[in-house]
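Letters A, B and C mark the chains as written, and numbering starts fresh at 1 in each.
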């Protein structure tokens, strides 16, 4: 079967893939999004746009991805189940496909209480696993969740997220298996700082044969400062930042911390490339998109394969 | 046991028998000050009756605050540890303390309505 | 039981402000259990209202009564002799009781003294926890008797999510992650395989109904001769 997207093409050709993400603005003017995306062009195989991340209302992922598409990028639309029922979700899946968006990432989403509309009703009609199944059903069976047929099926490469560092640790691999069973073809993980723990997770993943059934891209986020390292270690749920990294960042004066963050990211990328079953990296350089071209270049991951015409 | 016309004395078998409503009703009936005297901490003969009295009194204070009355009109005094005093020996010093909240605004309000309750009326609940 | 909490006193005061006489009606079942609307709570609120009115120089007669249950017509009927003696009724029942009373006495002003909250259990003295959301399609047998719809903040049926940390929910560290509990319990009884298949989407129509839901039982109905 022909790959649906450039990203799928890259992964299936066993080239080590590179994806990244853009955060859309908290407003209707897309120029900041366009600026960020143009920094990434040529250095990544596909670009995700987050979907009202941390429940903060932003320009929606679907519209943002349509804009990225116009710029010639392979876009990954992120869809959370927090804000939409199955009617809207399936409708958006059709919309994404109609707009030429060929990668879909299915997530549950952060709870409404974290965002700027805490009084909103949290929908969660489906969870991320059910959404994966529904996405696959619309694509492969040409029908809705209820079984009602579509006049034409959508086309996309389906992905999900997994957090190797959240609890319960050993159940995480079972959950990954469930997502693959449901329809996930690629996975982007939470950003990796604890390489050893990630290696252990990948070992369990390989034991279950999952590395042969799904493409795993490991998340990498360069640390901008010691403060950021500290914050992520203490305050962010499901994140594992080893003490030594925080110390390493704190031991330097502020002006040198960014460079050190880059060094750590490069070491992480190199270590990840050595792990069997890791098929690529997902660079989440939040509000630091300029770091991506440098990282990709210094990690010797350029040039990226050029996208084929109209997939 | 008599303490004069200004003191109403309610003996109870245990602090645990003091309910929030008793405290409110005492104020409603015109008490300026309500003092609950319990056994010392750790010495309730029934277990934790004195602790329950404490919790209920704190709750009653919040209810009293809601209607704009001074919560300090409700007090709880565990008798000091090892005291072998008679109840009047415990109460008299309390009555002699400087207490400056004055008559309850409720009495003034009630006096307007009904012709009033005279006298300086602190209601006390005391426990052995 | 159905749990509820007493409304803020200011709100209650404002509700009864237009009236010179009000009948407080408590309920002896759920709201008595969670100490918000039983006989004791009726007495307490009545005392507060009387003192408050007195302090404000306002005339207010406050009656007190408590029904065994305020959601059943047979018990509500006992209010009949009292209702016309007061200008308003302040019900300390859950929303079901307030409305049931209002239906039997449609000309009466029936006011809610409580904010109805959730279906739950008394975990220990003074602590009530939500544990059921009335989804109309109980699935507890699949989840080791831990309801993911109620106790998972995202009502995941294929959890846990990525935010579970130290067995706690990302939303509130005081709240245990329901999925962590489900996995652990199933692991303990050797039934983790129950979680291997994708649990399909819920039929929410059973939970939301078409408007208010109802149950009708012919075998229970009485024919009036």
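In this text, contacts are C-beta pairs under 8 Å (C-beta built on N, C-alpha and C of every residue); 3 or more make two chains touch, one makes a residue touch a chain.
Owing to the predicted nature of the structure, the values given are computational and were not obtained by experimental measurement.
Engineer: Which sets of chains still touch one another once chain C is disregarded?
Structural biologist: A | B, once chain C is excluded.
Engineer: State the chain with the largest centre-to-centre distance from chain C, centres being mean CA positions.
Structural biologist: So the chain farthest away from chain C turns out to be A.
Engineer: Any idea which chain sits dead centre by C-alpha averages?
Structural biologist: C
Engineer: Any idea how many Å lie between the Cα centroids of chain A and chain B?
Structural biologist: Whole-Å distance between the two chain centres: 65.
Engineer: Chain B to chain C: how many Å between their CA centres?
Structural biologist: 35
Engineer: With chain centres defined as C-alpha means, what is the inter-centre distance between chain A and chain C in Å?
Structural biologist: Between these chains, centre-to-centre, one finds 41 Å.
Engineer: With touch defined as at the start, can you tell me which chain C residues reach chain A in the complex?
Structural biologist: Residue list for chain C touching chain A: 153-167, 170-171, 177, 180, 183-184, 192, 195-202, 204.
Engineer: Which residues, counting only chain C, touch chain B once they are in their complex?
Structural biologist: Its residues touching chain B are 9-10, 40, 43-44, 47-48, 50-52, 54-55, 57.
Engineer: Quick one: which bits of chain A touch chain C in the complex? Just the residue numbers, please.
Structural biologist: The contact residues of chain A facing chain C are 82, 86, 108-111, 113-114, 122, 124-130, 133-134, 145, 161-163, 166-168, 171, 174-175, 177-178, 181-182, 190, 237-238.
Engineer: Using the touch rule from the top, collect the residues of chain B that touch chain C in their complex.
Structural biologist: Listed in rising order, the residues of chain B that touch chain C are 19-21, 24-25, 27-28, 63, 66-69, 105-106, 109-110, 112-113.
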